[in-house]
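Take a look at the structures below.
Note that subunit A is present in both complexes that follow, paired respectively with subunit B and with subunit C.
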Partner chain A sequence: MPRPPRAGRPTFGQTLSAALAETQLRLINITRYPGQMIMEVVIPIVFAAMPMFLGRAAGGDQAAVNFEANTGTANYVAYMLIGSSVFTIVSGAFWHVAYWIRFEQETGTLEAVYLSPTSTFTLASGVALYSVIRGLVTALIAYGLGCLIFQVNPLTGDLWLALLFILSGLVPLYGMALIFGAVVLRVKESSAIVNLMQWVVSFLMGMYFPVATLPPFLRAIAFLFPPTWMTNGVRSALLGVGYFFDAWYLDLSVLWVFMLFAPLFGFWVFNRVERSVQRNEGIGQF
Partner chain B sequence: MSGHVLVDQLAKTYVTRQRRGLFKSETKEVPALRGVSLEIKTGELFGLLGPNGAGKTTLIKCLTTLLLPTSGRAVINGFELTKDDNAIRATTGCMLMGERGLYWKLTARENLVFFGALYHLSPRDRRKRAEDLIEQLDLGEIADRALESYSSGQRMKVAFAKALINDAPLLILDEPTNTLDVPSARELRAVVRQLNDQGKTVIYTTHIMSEAETLCDRVAIVDHGQVLAIGTVPELKASLKREAVLRIEGVISSRASQAVAALGGVTRTAVQAVNGHTELTVMSANATILLPRLIETLTEHQAVIQKIAPEEVTLEDVFIARTGRTLAEDTRAVPQS
Partner chain C sequence: MQSRLTGPAAFFSTLAAMTGKELTIMLRYPVEFAASFGQVFLIVASVTLAGLMFTPRSGEQDSSATTGVVVYGFIIFMFLSDTLWTIGYNVRRDQKQGTLEQLYLSPASKFANLLSRITVSLVWTGLLCVTSAALMSALIGKLPVYNLPLGLLVLILTLSGTFGFGFAFAALTLRIKESAQTLINVIQFTFMVVSAPFFPFSVLPDWVIAITRFIPLSHGVDAFRSLMMGLPPGYPELAPIEIEIAVIAVFGLVMPLVGYGLYRHEEDVARRAGTLSEY
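Here is the complex of A and B:
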């Protein structure tokens, strides 16, 4: 017979094991939709191709020169591919967290997991880890494949620094995603909210353009989004477009500051909404 | 104390929005529980009996920490509700949403192992526990198929197995035999009885009279968010001992039923449709004196009497006496043990 649980006070190992079980569950689940995984790799390439061809049509032979004058790199193909690949990670974070809550509300499994002594923090960490794995794998394959299709070298610049920017941006990103999760828990709708928000964020993070081109007010808002710093950090590390503070470690430290408070703020908001929902209609009500 | 439940004046009021046209709405308070108090002793098999909307599920959701009560307190397995919620969850096994609380793309084994992890069992223990439950509930042949290919009854069995994964001292089962066929329902009730014999406390909600009557040590009748009666089945029946129950079958119009209800000496009546005819249940302090007047009244109102018989008091009669309603429409569809 199994050992009885210690009345709702799990050890670190048990907590980690529960979070990994949540990750594993979602990875198993996604392997049963193989078509979706293929589509996810194609989407960032299509997203990057559209502005690329528009740029060629508008700029003609001078496209690369004009682009370099405004962005700091002539490699607009990699620039667009990086933007769309980072966007895949960002968009995935919102979708996976929001979809986790909404889908489980609808299927009844959200109540089932809330009946267990595993905390929301642990469950959300498991979902976030799954989302990171799925998002990173998709983005890296899409970037590599896109570079192959459009014949640019993906291995330019400082790859490790680029990866460090991505990894540093993930923690605050999931803090933000949890706030959206809280909204979904409250309003019981995910598609419209995430659809709207992912495009607002893609715009503010400079998916296709440098945020320096934004009007001052929008630029100020853009700097409050961790994905803006992630995207520019990766582009600067790989393509040399220039850091916001002129030094990589300064830009990276901004992400680390986000890392300190964004997840805490996300969980604070989520817990408040969760408590409020429990006070009235209940977690599983849809 | 493991398996012990104490509920004291627990109340829950929902705030709902009443729609008034396209853009207007107003909030309305709907009391779902009105000061419920009860005690369930360790090792008891306790039934919560009531129709849909009576407040059973709200009570269960409060006890399982899914809903915060508006007022009152409860102590479950020795832990205070709203203060030690995690400890309550760790020491309670629940089956609330039936087949809905499972991942249909996963197999039964994957589901059980996953929930084992959420209850903090070690990887080895959760696999072992899943294997044991699969064997105990005879799920071996289908355990490695995705749940989406299961019948509804098979998924209910997996949901029941999920409730047992943490081997908790308290089991809360919300209408667990719903959608099960007759043999499966009987089998599940046998397992519930067996678990209770092993010392587990079981809270079993049902709207099936016969199930509560045959399975439960004690029963609480719940309606309109209140506990109307509580006791063992013989105690509840004895509470009606001074009332005789007459059951009349035939073609009985509503006017005829109303006329019977208005007769002196009739304490309560209930009407239900059974297999194309009407069944009128009449309770009276003295059936012998009432009977001739009852037949006369029915005949006067063109009723066709096919059968008339005094009957022993059943739990259903207790329910009718307490609520003025019958649950027979639901009960009829239920597999009997």
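Here is the complex of A and C:
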């Protein structure tokens, strides 16, 4: 006979239900802002269009040829759109996790959340699932629509492998996002820092250019970011720009190593900050 | 006898006090300033590096033209963006803090309130622009600097028009409240494409250029960067420089009056309807 759960400790079913409820809550909330959802699709296309237009002007007739010599593909439209779409997923992860905490702080529910038997891990998982759904849908629509607008075929290369790179990169990405959650928990009004960090990551992950063009010191830091491997993996799978280790499975295995360590490190940081804030009467304050 | 609460002396005293308040708030958030500087630098560096991916590998092509197009366009983009947030959207901050209603109960000049925000925008964004331009110039390629006095005059007129646009947006914010945030994003991204701050107009489709010619800010971007880059062949792209300067002069002189007129009208409507403190 299965042992009944200890009093006050939720069962797995209850935990799952709580996480899914958090996901559903966030999804319902965002559907109430259709204007914001449309803008989220438009933004990556505009972000990709800017360097494309600048490049066309700078390179003239030789733009595609020069681009191929510098990056490994002449399909600069797809190259830029992949960069900006992956950036949407990455920046979404930071903002959604960081602002989940801030939203609860501002609406005065964070203290109540910490008094409930549902763990932060459960709620964070629910928020992460919501963020993944929102980010993936937005990125896929933006990429497809962008390809349609700029008249390139979005279905080139190995689509399944590209998807595998994205899915493998999501776990370490949300591990990193938890660190941003910890920053919000600690410093409260931290939109400027999160805003800056999303651009740091976009720069280091090579949203518009290969990280090989960065100076050695910055390149070394870039390789420590899972989004760098995600972006290059997707570009290599779809456009054949070349894997960092020359083979897809080697690059993917690096992401799997991140998959093991990044979430653990993220939770360790988050838990430490959480405990420290709880001890210093900081949960309900904003 | 003139009251101490009205007249030019009172106006300037209010303006100084409100500007001081805005600058004090700005200085209390050094992390925010450092972060916005870093953000500006990273955006310009990313776009410029991306542009360089389209040029020959050997580096035989002069990158200063690319840097010029991006940096000068970016300066106007920064001011537009900052104007929309600090002048237009900050009315919401006063509403949320509950101080807007109080301000309207005091004899302080409401125009001084709007002007004080311009000062902050000029100091903050101006500093950001100068520093990031210098840094970009050092890192990516020498920034072309020609026709500085005329270029600055065009910039001042463009900014004057932009501030007028900010007043008009503040009026709209009083009416549409929180939706203004989404609208700012729409305006910013439309500007990024239609007014070509990061690339030459020549790459836009003809039908977009036809629309662009009716937007004074586009002429501001075109004239400013063309002058600063020494009017290279093909620049300005939208119209001869004399016509562009005339368009910008009208924009810079008329738009602040129109914008302020709209703001006064909307604040009047809000006062009558008792919605100043509603958000």
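The rule is short, and it goes like this: the second predicted complex is superposed on the first by the 280 of 286 C-alpha atoms of A that agree within 3 Å, B and C clash if a C-alpha of one lies under 4 Å from a C-alpha of the other, contacts with A are read in each partner's own complex, and residues count from 1 in each chain.
Keep this in mind: a contact is a pair of C-beta atoms (placed from the backbone, for glycine too) under 8 Å apart; a residue touches a chain by one contact, two chains touch by 3 or more.
Note that the coordinates shown come from a computational prediction; the quantities given were computed from them, not determined experimentally.
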| item | value |
| --- | --- |
| Subunit C versus subunit B on the shared subunit A, clash or fit after superposition | fit |
| Subunit B versus subunit C as contact partner of A:Val200, first or second or both or neither | second |
| First (subunit B), second (subunit C), both or neither touched by A:Met80 | second |
| Which of subunit B and subunit C A:Gly55 touches, first, second, both or neither | second |
| Partner chain(s) touched by A:Ile28 [first = subunit B, second = subunit C, both, neither] | first |
| Gap in Å between nearest CA atoms once subunit C and subunit B share a frame through chain A | 8 |
| Intersection of subunit A interface sets (partners subunit B, subunit C) | none |
| Residues of subunit A touching subunit C in the complex | 33, 35-36, 39, 42-43, 46, 49-51, 53-59, 62-63, 66-67, 69-71, 76, 80, 192-193, 195-196, 199-200, 202-203, 207-209, 213 |
| Interface residues, subunit B side, partner subunit A - complex | 14-15, 61, 64-68, 79, 84-92, 94, 96-97, 100-106, 110, 113-123, 125-126, 128-129, 146, 162, 166-167 |
| Touching residues on subunit C, where the partner in the complex is subunit A | 29, 31-32, 35-36, 38-39, 42-43, 45-47, 49-57, 61, 65-66, 69-70, 179, 182, 185-186, 189, 192-193, 196, 198-200, 202-204 |
| Subunit A residues within the subunit B interface of the complex | 1-10, 14-15, 17-18, 20-22, 24-25, 28-29, 32, 107-109, 111-119, 275, 278-284 |
